[in-house]
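Since the structure comes first, as structure tokens, the remarks are kept for the end.
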Amino acid sequence: MFVNRIRIRVEFGDCDPAKIVFYANYFRWFDQCTSALFDAAGLPLRQLFKAHGVVGIPLVEARARFIIPSTYGDELVAESSVTEWNKSSFVVSHRFLRDGELAMEGSETHVWATVHPTDAHRLKAVPLPRDVIQRLSRTKKRAPRKG
Amino acid sequence: MFVNRIRIRVEFGDCDPAKIVFYANYFRWFDQCTSALFDAAGLPLRQLFKAHGVVGIPLVEARARFIIPSTYGDELVAESSVTEWNKSSFVVSHRFLRDGELAMEGSETHVWATVHPTDAHRLKAVPLPRDVIQRLSRTKKRAPRKG
Amino acid sequence: MFVNRIRIRVEFGDCDPAKIVFYANYFRWFDQCTSALFDAAGLPLRQLFKAHGVVGIPLVEARARFIIPSTYGDELVAESSVTEWNKSSFVVSHRFLRDGELAMEGSETHVWATVHPTDAHRLKAVPLPRDVIQRLSRTKKRAPRKG
Amino acid sequence: MFVNRIRIRVEFGDCDPAKIVFYANYFRWFDQCTSALFDAAGLPLRQLFKAHGVVGIPLVEARARFIIPSTYGDELVAESSVTEWNKSSFVVSHRFLRDGELAMEGSETHVWATVHPTDAHRLKAVPLPRDVIQRLSRTKKRAPRKG
């Protein structure tokens, strides 16, 4: 399993009047984690999408459990990896740690899809390229990097 | 079951380079739907939080399934209701329809909690007020309103 | 001058730990106001962009003055109009009122431009269509609508 | 002048259907830059706000000029510094460079203020602490750090 780690610093504007992270931001960070994961596997999204003629890796499902709230100034370590491969979809799992403790865990199910050129409402699932699966399945681990 | 409906218009800035809604925005809209649900039940959040000494209704879990993508200019009808009550937590379910078709369905588990006054990292779950449960359990339905 | 008004409800998640609107959200609302302005003038953006082969109306400048802070539960009335026309750019001005008082005023300078098909880093300014100028210069006023 | 630099990586979800950064995100990044600037000066915001009994450094004005658009995968170097000191307000200027070229420049005017404890609509400007001015006026330069 190829695991990537990035550091996320919680900003003032990420927090709500309860002084904790406004939860929609976790899902914005998932996007950042997944992008960094592909990057670390040598598959930067922009080049990948262009090479394969896909417009993105749209989501069909997302979920998160919020275990310990965080506030501005906190630094989270986010660990991400692909935990499931299907024909044209895959699951990315994320674990956010603060001071070594699990603060949040969640996952996203992405499809490898093309959006119909004239109808933004239609998506067409396409089989995942073998190369993408292989690169994201390696067992290499990376040191955390600032995200 | 008390069901509230609001209309959500998808904006240009809500969409990503795939020309569909960037998914973290659905969770931002959940917040808006839940706030409108409490409002419709006669429990506007600001007054409610002040009256009960809570700083918010933090999330412990959230999930969504994205069925049909939407793009800018689309109008979604969001139906929201509390679908589960526990001692100090509750589940709000959301269904987003476009042209009558289910485009997204998801849910959030909130806790009725106080944040520790000096430590933003600690939350204290508190039993849900009876009045809150009663008002959000009525069977009244409302016409959609612009959100 | 064609003026459009929408209502904006401030949500919990729009506010920061100071319990006031996190200011980047005002600029997100500008996008919503401008979209509603074009809509009200009979120029819905999606159709407009498609008809003219433009990918958007990118910004070259934006500014805002924050006069009275707002918090969640507040309702703002946003008044928007095009206040300046140039050959291939235009200025949209926004005034946000709360209870009749000016809470924020700002403006955005947009260009009517095509993004180079293969290089997202290049923009090409194109003369504004006469029809767009005419429709947004009419003196009709509209009642506020929920946004 | 104390200048701080951070690196900002543009994410997929930061971009709009024109495939360039949705402009409200620049203002979100300003918040991140200002926070990093205070951090680098030895004034982490959370501790600073607590020590001085302020709830934040609310904005009275913000502006930006967008010179070169950026897209996902791009890395920006953001240079930030306080460029003006007044009795109870200060201006933070930001310059975002991509590959050494100026892509965006902007500024924010913050006030050093307390929000009235019971009325979120009232702010009270307070004289800036001498220590804050001194630390942010030093001439030390720092290497870019990942933000």
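The letters A, B, C and D name the chains in turn, as written, and every chain counts its residues from 1.
The rule we apply is simple: a contact is a pair of C-beta atoms (placed from the backbone, for glycine too) under 8 Å apart; a residue touches a chain by one contact, two chains touch by 3 or more.
Values in this document were obtained by computation on a predicted structure and should not be read as measured data.
Trainee: If I rank A-C and A-D by number of C-beta contact pairs, which comes first?
Mentor: Answer by contact count: A-D.
Trainee: Note whether the interface between subunit A and subunit B is symmetric in residue numbering, meaning over half of all numbers used appear on both sides, and answer same or different.
Mentor: same
Trainee: Distance from the CA centroid of subunit A to that of subunit C, rounded to the nearest Å?
Mentor: Distance between chain centres, rounded to whole Å: 31 Å.
Trainee: Would you mind pulling out the distance in Å between where the CA atoms of subunit A average out and where those of subunit B do?
Mentor: From the centre of subunit A to the centre of subunit B is 24 Å.
Trainee: Indicate the whole-number Å distance between the mean C-alpha point of subunit A and the mean C-alpha point of subunit D.
Mentor: A distance of 26 Å separates the two centres.
Trainee: Can you list the residues of subunit B that touch 2 or more other chains?
Mentor: 12-13, 16-17, 19, 22-24, 28, 31, 56, 71-72, in rising order.
Trainee: Spell out the part of subunit B that touches subunit A in their complex, as residue ranges.
Mentor: By the definition above, subunit B touches subunit A via 16-20, 22-25, 27-28, 30-31, 55-56, 58-71, 115, 120-121, 123.
Trainee: Within their complex, state which residues of subunit C touch subunit B.
Mentor: Residues 7, 9, 11-13, 28, 31-32, 35, 44-47, 56, 71-73, 145-147.
Trainee: Flag every residue of subunit B that touches subunit D in the complex, lowest number first.
Mentor: Answer in residue numbers: 12-13, 15-17, 19, 22-24, 71-72.
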